Structures are given as structure tokens and as C-alpha cells.
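Next up: some structures, all given as C-alpha cells.
One chain, subunit A, appears in both complexes that follow, with subunit B as partner in the first and subunit C in the second.
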Partner chain A sequence: MASVGVNDKSAPIRIEVKDLRKSFGAFAALDGVSFTVQPGELLALLGPSGSGKTTLLRAIAGLSPAEEGTIHFNDEEATTLSLRERRVGFVFQHYALFRHMTVFDNIAFGLRVRPRRERPAESEITQRARRLLEFVQLGGLEKRFPAQLSGGQRQRVALARALAIEPNLLLLDEPFGALDAKVRKELRAWLKDVHRETGLTTLFVTHDQEEALELADRVVIMRNGRIEQIGTPSEVYEEPATHFVCEFLGNVSKFDCTIRDGEAEVAGSLFPVSEDNGLNGPGVAYVRPHEFEIVIDEHGEGLPATVKSVRPFGPTVSVELELAGREGPIEIAVPRELIGLGDVQPHRTVHIRATAARIFAAG
Partner chain B sequence: MQFISTSPRLANVSEPLTVRFLLLGLTLVYLLAMLVLPLGVIFVEAFRKGYETYAASLLTDDSIAAIQLTLLVTAIAVPANIIFGLAASWSIAKYQFKGKSFLITLIDLPFSVSPVVAGLIYVLMFGAQGYLGPYLQAHHIQIIFAVPGVVLATIFLTFPFVARQLIPLMQAQGNDDEEAALSLGAGGLRTFFSVTLPNVRWALLYGVLLCNARAMGEFGAVSIVSGHIRGKTNTMPLHVEILYNEYNFVAAFAVASLLAFLALVTLCLKTALEWRYSGELAVSRGH
Partner chain C sequence: MSLTEHQRRPWRTPSVLPGFGVTFGFSMFWLGLIVLIPLAGIFTWAASLGFSDFFSILADPRILEALKLSFGGALIGAFVNTLVGPVVAWVLVRYEFYGRGIVDAVIDLPFALPTAVAGLALAALYAPNGWLGAPLADAGIKVIFTPLGVIIALTFIGLPFVVRTLQPVLADLEPEIEEAAATLGATRWQTIRKILLPALLPTLLTGFALAFARAVGEYGSVIFIAGNLPYKSEIAPLLIIIKLEEFNYPAATAIAAIMLVMSFLILLIVNLLQGWARRSTGYAG
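Let's turn to the complex of A and B:
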């Protein structure tokens, strides 16, 4: 990928958000949000709908200011800057391309609307727009209208248009939300390339945990207008700070348990705890599918469970089991070589054991 | 064999052929009798005594004055309602506030009020015996039985047309495009003229056409506020009525044919617009 040459001049900026608050009526969309984005970082804002992630992104962009709190771009207070002065490259969820303009005019728009003394000459605008089109791999499509493009192509135009203004930072609202699964995967890898190439401090909003964990340097997990946890993908996955994070980051089984001396007792079976946080007494234990073992011996240790279904596709075998006295099945992923498929059949009773569990106080 | 077996089933979904022809025929006969023939009669009557009489009756001072007044009133009412329509639809589509649905209902008021009532309202407000009458008289401002009254009544009756076309379209389009333009550094005016306006241009044009047709053809309200002063406050529809009441049929039909012609032109433009931009217009009439 050729260098865009649009962001060489300035080093990527640091963003510092402090105690941001905003409410819509009685609903607190942002309830005291503080965090720092390191220069050049690719950060995901992850959360369910209504968690405030888009509100946060729009506040940083200046599209809908927060009521309280400060946002700094390096050492400059951004809340006092106008939208133009902020120079934020914003990519909208539905792209918001100007439908009556060609791809080329869309990309050139941000340069053409500059005040005369800052505006590059038309020949330079043309040159820069061409370069951006090549950069987003859409060379030759400059005369098309947005309606004549596929979803993925529109997304690329939207990104090129945002990059044209030589932004201080890049913000993307659900960048892959409106695309089908295949294009989504392609664009994901591509966005990572774009980030590496431009070096821009980049934030994107998503409700797809897989997307966030795969793409981002760090993930901010939000809920009810607050930050639940900030960390690298492996940190938030391996060491979730709250049970919300644990549940939100995908497939996990939840057990009521009694915590005693670094072990969790679930219905008479002991689950080793991955991190002893000094809790004692009643609690909840979370176990991910790959942290279970199946014991075939009918009188063995562990929780007795009835096999509901076996899906032996791919490197791991996914087994659905039912536990006595528990609502809803649990899912277990076992490496193919560790399981004798003949023994794990629907309706058979087996025993399951956890190799690790994350524990939180009950409540 | 399979092809044959499916075709009767397809036909069964629809009505028998005879019913279809009957329905279509009924519609055509009705349209012919109620719309096409009367419209044709206008032109036949207008040219009954030849082209020269037709031209002569259009070129009398009173007729020319009526045509001029109609054009003047339209030239004021249409731009006024473009501005009002844009302002109203912008605020309804892009802002959140209480009483929004009430405002939308209010905009529809001229559609539901009889034009005669609308005219009377203005007489009551600005007439010699009206609320503002004494004040206006003291300052030698005449509204009723003068051109300003005709303009006011026309604006009142035509103001929903542009707004009604724009509101649903702007609501469907949302704020994203404007926000994109602003975040790219465009100012408010620039955003309006290069993003907002182009996004609604066809719906706006469509609204303007409807507004224009109604402005030229309005009779009831204008009839009350104008006072039928020949050469001064007579618009084309009023002039037609006067000529007709004077048994001057050829002249009446001549002016009427001009009005009908303008209406047909509007209709053609409207159809052309619908055909060309059906997608965008569908949004604005989707309710």
C-alpha cells in the first residue's frame, strides 16, 4: 500500500477525556467517563446498544458536545474548538456520502470548503483526491455516484473523504455494521492496514466483541454510560474486571458457587480459580467453553451432565450438555484429539470438570 | 406439461378478464365524461368565433391586467412559501421539540379550511370593520380590496404544498449528511447550499409546481378579499367569472383556456418529474 502522504507532517495526538457527562432527559448517556488514548493507538469502544459508546464518540468529534467534562487533544482543550478547528475525520455508520456528488467530489469536499487562504489549489486538490482514491483501492471509480457503489466501496469512499482533511484523529461509528459478513471480514483487515499506514490515533465504536478484540490495541468496554474496563484484548478477555465484561465478551457459562480458599464449589464439585481475588462466601463462577474437561467415567469426579448434541466440525468439538438442576444448556469446546467421539453421544451421561474459573461476589 | 398446469393458477389469483375490462372501462368512461370532455369544451368554446376573436378577447386591458396580477401574486406567493416551507421542514425534521405534531397539523390547516373561510378571516383582520382596520386606515394602508389582500390570501392557501413535500423527505434523510459536511469543515451556509438543498431539490421542485398551480387557480378566498375591481384586483379566475356573468362567453372561455393550459403544463412537468425521480419522490409521499 503506497503512503498517503497526508499525515506525514504531524505526529499522532493523544486524547484525554475527563469526567464526561451527558444526559438525554432522565437518561444518563455518559455518566462520568474518563480515559486516555495514546498517540497512534487503535482503540475500540465496545458495549451493548444504549451504553453510551456512540454518544462518547460524537462528543469527542464535537458533533454533540457533552454537558460536563473536558476533552484534550494533546494539551489543547478541544471542547472550545469549532468542528473545523478540531479536524476530526469522522466516518458515519451509514457513511453519509453526499448522494448528488461523484466519488471524487465527495473526497474533495473537505478541501474545497476551506477558507480561501487555507484552500489548496484545485490542481493540488485533484492530485490529493486521486492519491486517496488509490489508497482506498478505488482508482478509476471517481466519476461514480454513491448509489452506484457497493457497501464496502461506500465505506472506503467515506474513509477517503475523512482522510482528505488531514485529520488529527480518525473516528469511526460502527464501521462494519451495515455490511455483510464476508465484506466485513475483508474490511476489518483493511482497516488495520489503514491504521498502520496513516499512524493516526483511531477510535471506533462497535457492539461486536469479536471485532473489537481482533482489531484494537486496547478495548474500552462501556455499560450504562460508564466504563466497565479498559485493557488490551487479552487483558479484558482473560482478566475481566466485572461480571458484565465477563458475560459480554462472549460465550461463558455462569454458576452459582461458594468461594472458599481460592476454590469455587459448584454443587459439590470444586472449580480451580484462575485468579484468587481474596473473595470468600457466596459468589458466581464463570467458565469459558474451552476451560472444561469431559470425564467419561460414570463414577468420576465432576458434575454429572447429559449430552444434548455434539458438533464435531473444525479443530474443536463443540458439545452441548444439560446439567441437573440448571436452566439452559452449557457449551463446551474440546480439542478433537482429546475426545473419544464414541463415548460422547447424545443422551449419554458424562462428568464435566472446570480447569479454570473467574469468580465474582454474588449480586 | 408443467408450464400449462401453472398458468391457470396464476390467472386465478386475479379477477376474470370480463371484470377487469369492466373496471377499466368504467374508469375510462368516467374520466372522459367528467374530465376530458369539459376540458375540451373550454378550448372549443374559446375558439368558437375564430382565432382572432380569441386573441382579441385575451388582449383587452382588463384581461391583460388580470393575467399580470395573477403572475404577480404567484411570483410573490411561491418564493414566500419556498422560504417558509424550507424553514418549517428543516425545524420539524432536524430538531426535537414539544408540540411538533401540532405544528404539522397546523401546516395542514389550509387544506382543511374552506377557502371562503380563509378569505373571511382576512376581511375580519384587515377590513375596514376588522380588528386592524382603524389602524390601517389611519396609516393609509389598504389590504382588503387591494393587491396585498389577494397576495395574503394566496399565500395562506398555498403554504402547505412545499412544506408537505419536504418534511417526510428530510425526516427520512436525517442529519448525517449535514453533520458529515460540518465535520469536514464546511460552514452552515455552505452545508445548506451544497448538501441540504441538493438532497431535497426534486421534492422541492415538485412542491413548487403544486404550489404554483394552486396559486394561479385560487378562487374562493381571493374572491372575498379582492372586491372584483376590474383592472386592479381581478385575478384570472375572478376575471373568468365576471366575463361569464356578463354573457361574454367567448372571452370567458378564452381566459379560462389560458388557465387550463397553464394547468396542463404543470401537470406535464409534474408527470415528467415523477417519472424521472420516482425514487426520491416516493419517500416524500410515503405517508
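Let's turn to the complex of A and C:
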């Protein structure tokens, strides 16, 4: 923190959201949302569009207040504070830079609009804006207008502008949504650095599960205005609380099954269950690509499947298979050295076996 | 050979947008026929007067007063519209309310009404026994047959120009810009002054120029409310007609020529200002 001097504030704050509700007409955008953000945490709000994640972020910022519920910044009730008093650094998906101002003036804006007695001297404003420009790696571009910058550079300016007001917390609404894949990856790593160096309590909204899992300390997964699960990336990935979370966190094959004594029976083959939750009867089993094994032996146990395609790129080999009586192919990732590529070829029939499965009650 | 080929190049280069030659030629022909030749005519006739005659005509105090009123009134009207227009455009763009479509259509009325109809309506409204004229008369303000009446008419007809030029630009300014300013601690007033107005300045100047141009030449909606008292509430376009009816063609031509030159100069200045505003606010292409 002190090393960059962009945020000289004392300790980062804790945010406590309690029973937040908001509706647009008959549509409940927030339907009783409660959670706590620990001081200095980097938290992702993840969900499909319409799940309420942006509404939640905007409620915390005070841009569009919730109808019911409370938000506390440390022990202070935030819902009664004005936007200025909240001191929230907010970064918009489409940058929302002031087009008629230079990069420098954009960054200095938040300091220049302060009431006279709180406003730093112009020399200090200049100094601070320069430091922020260096911090976001845009030194030397202060005289440019936003139109003369690339998308990635614009988002850096937007972040520097948000940091200039020495915010209590940092909120980012799909910050990389408008950028191309390569820049997005770069900025992702960079945001992690920014978070580490500022130490600010930071929330960001995304619909990209990879982004959320890679960046965040904890992930809040939302659906239909409610929280489905909160947890660390490995928690939500390994132990999804609901089948929605399981499906939403990418690449998973779903099987109808019968659950019996900690095992899931799928078309005559038994899938071991990663966590026995005491369910019995009809259910669904989810298996991730790396939790399958391919058995070459013709008489081997497991589900018979026909190889559709093999993509031997990267550290694992991705095999696409078709199962009799199942719609749509399933994808399996196997370590390169574990299969003789000669045996797994398109049109051949193999057997597959699951090493772990997550089960949920059917329905 | 190679030289001619080189010279022909701009015309012969195959383009993804063919037809430049034809459309350019047609545009120039049409502009010439409809705009430039009539205007050139005015100058030719005015030039036939000779310098001394020309200026002695224009030195007539009645003509000077009329020109002052036409240009002064048009400038004031355009200025008022530049202040009021943004508010109206703002309301229409940013808020959903019952009857917005009707309000939006009403904006176009000064455009669409025959100017004589507008003139009659204004005259009736501001007459000493009219809806607005009566209370104003009680307050000691006389509108009809005064320069104030002229200014009101010129403001009336200029409003749609400012509102209509601003609307698309306002709609283009994302609300996030204002939200960003608010999260950074700006008050509403600071947001308007530092964010919205600078962004709108070039467009405001365009609206001003259009409203002004329309007002300078306005005739029909003014003459009824103005009462056309020489030296007091007589506008230049009317004076041209009066001179024509007196068969005083040199005087009519001289007034027309000087109006043309002044309008052109004012529009040129506005254009230069606009270029400056665009550059200084980062909107240059």
C-alpha cells in the first residue's frame, strides 16, 4: 500500500449486506440477498445475465438503491449515505470516461469536484494523478483524449480515476466485458496486482466463470436474484451446493441416475460419488471432463461409447464421445501419457468410467 | 502516356463507393441552380449600384434600424433558445412520462405551421386583451408593436432547431457518464457544468446557428405581432418588400445584399467557434 501510495487510507473495510430486495415491476432482481465481504477481500459476483449481480453491485455503490434491506460499511449504515459520502470507486463495463477531457483531467476529476475545504492543492492533485498514471502503466499519456486510447488503456484510466478519490471500496461492473480475449487476460492478471497493492475490499461482476475462479478470493454465485452459493473457487468448483452451480461452472456432463448407498447407477454402470449426501432414489449425476477414465478393454466395465473426435492439444487430450441413448456428446480430458493414442481414434468403441460424480436429487 | 494516366487517377481508381463523379456533378449543378445563381444575382444587381449609391442607401436610418432589429432580435432569440432548448431536449430524452410523444410533436409546430398562422396566433395572444397580453399590460409590459414582440416571434420559430439538433446527441451521452461523475463525488450542478455542457457545446453552437439563420429571414410570424412601425418595430425583410412595392429596386437589392453578407459572416464565425469547441473538447475526428 505505502509502496504505491495510491491508497493512503487505513484498514480496508468490511461490507455487510442484509436481506436486500429490489424489483423491476413484477421481476424480482434481488430477492433477499445477504452476505459479508471480509476486509481486503477480492470477491466475484458471478451469474448468468438477469441473475441480479449488476443490480446488487449498483445497490452497494448507491447508484440504484435497493427497496429493502441494509448495507453496512464496517459499522456504518451505508444506505443513508450520499454517493459522495460513500466514496466508492466504481468502474463501468464501457469505461464511462469523460470524452471531452484528457486522461489527466479524467483522473483528477474526482479531486477537483471536492468542496473547497476538502480539495487538495492543485499541485498535490497533479502529483497524485501522475502517480496514478504510473501505477496503471500509462505514464506519458496524460494529454491524450479517451478516443485516442485502446480499450484496455481506457479501462486502466477508468480504474485510475476511481482510485483517485481514495475509495473505501472498489466495485467493477464486468470490467473486461468489452475487451478482446487477449487484453482481457492481461488485465485480469493486472487487476489481481492492483488488488494486492491497494489492499482495497474489491467486488467485481462477471458472467465469465473462468474469470471469477481465477481472480477471486471468494465467489458469489447468483441466480434469479438469489445467492446459490458463496465460497472459495475450489469450494464452489469441487463442492457445488446446487446443480445450477455445478452446471454453471463450466464443462460438466449430466447423467440421469439412480442413487443407492453412496453410488450412482447410470445405465448399468456405477459412478462413485465424491460426497455422499445421504440421497437415495432418482437423481442426477455430474461428472467433469477430468473425472472420466477410458477403458480400452472390449469387455471392460463402464459405459460403451463411440469416439467422435480426439483433440491432442495442450497438456491433456480432449476426447469427444457419443453414448448410446444419450443426446449430445460428452467431453473427457485424459492425461496425454495415459492413453495410447492409437487406440482412441474416431469411430472406435471404448468404455468409459467415472472416478467421481456429484449427485443431486432429480428435478 | 504515363502522365495522363497519372492525372486521371483520382477519377479512374476503382472504388468500393462508385458513382462519385456523377453524384458530385449533380450536387454541384443543383447547388448552383438553386442556391448560388440566385445569390450571385443579388450581388450583380447590388454591384450595378456602385459603391457610393450602395452605402448612401444603407445609411438611411430607417434601414439601419430595421437591420439592427432583424439581426439583434435573431441573436437574442437564438440565445434564449440555446438556454431553454437543452432543458426541453433533456426532458424529452431522459425521462419517460405520460404524453411524451405529444410534447415531442408539439416541438415541431413552429416548423410546420404556416408562418402567417403562427404570426396571427402570437398577435392574438399578446394583444392588450389577449391571454398573455392582458396580464403583461397590467404589469406595464407592452409586447405587441414593440421590438419585444419581434424577439418573442423570433424565439418561437427558432426553438425546434435547437431541440432537434440536441436530442440525438443527448441520447448518445450514456447515463453511465453521469453516474461516473456522481460516484466520483460530483454534485448534480458540477456534472452539468463540467461534464454535460462541454460535451454538448459543439451541438449547442450548431443549434444556435440554425435558430439564428431561420430567425434573421423570418417574415410571416413577425409582421403581425410587430406592427411594423418604422424606426421601432420594422424588420429588414419587411423593408425589402416595402421598397419593392415602391419600385425602389436598388434599395431592396442593397438591403438584401447586406443581409446576405452579414448572415454569411455570422455563420462563418459560429462555424469557426464550433471547430474550436470540437478540438478543445477532444471531439475532433
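The rule is simple: the second predicted complex is superposed on the first by the 360 of 363 C-alpha atoms of A that agree within 3 Å, B and C clash if a C-alpha of one lies under 4 Å from a C-alpha of the other, contacts with A are read in each partner's own complex, and residues count from 1 in each chain.
Criterion: contacts are C-beta pairs under 8 Å (C-beta built on N, C-alpha and C of every residue); 3 or more make two chains touch, one makes a residue touch a chain.
Treat the numbers as computed from the prediction; the structure is a model and nothing was measured.
Partners subunit B and subunit C, brought together by superposition on subunit A, clash. The partner of subunit A that touches more of its residues, comparing subunit B with subunit C, is C. Contacts of A:T102 after superposition: subunit C is touched, whereas subunit B is not reached. In the superposed model, A:P146 lies in contact with subunit C only, and not with subunit B. Of the two partner chains placed by the overlay, subunit B and subunit C both lie in contact with A:F90. When both complexes are overlaid on chain A, the residue A:A61 reaches subunit B and subunit C alike. By the touch criterion defined above, A:V113 reaches both subunit B and subunit C.
Shared interface residues of subunit A, touching subunit B in one complex and subunit C in the other, are 61-63, 83-84, 87-90, 92, 94, 96-100, 109-110, 113-114, 161-162, 164-165. Considering their complex, residues 176-177, 179-187, 190, 194-195, 198-199, 201 of subunit B touch subunit A. By the touch criterion stated above, subunit A contacts subunit B in their complex at residues 61-63, 83-84, 87-90, 92, 94, 96-100, 109-110, 113-114, 161-162, 164-165.
The touching residues of subunit A, counted against subunit C in their complex, run 61-63, 83-84, 86-90, 92, 94, 96-102, 109-110, 113-114, 145-147, 158, 161-162, 164-165. Note for the complex: subunit C touches subunit A at residues 174, 176-177, 179-187, 190, 194-195, 198-199, 281-283.
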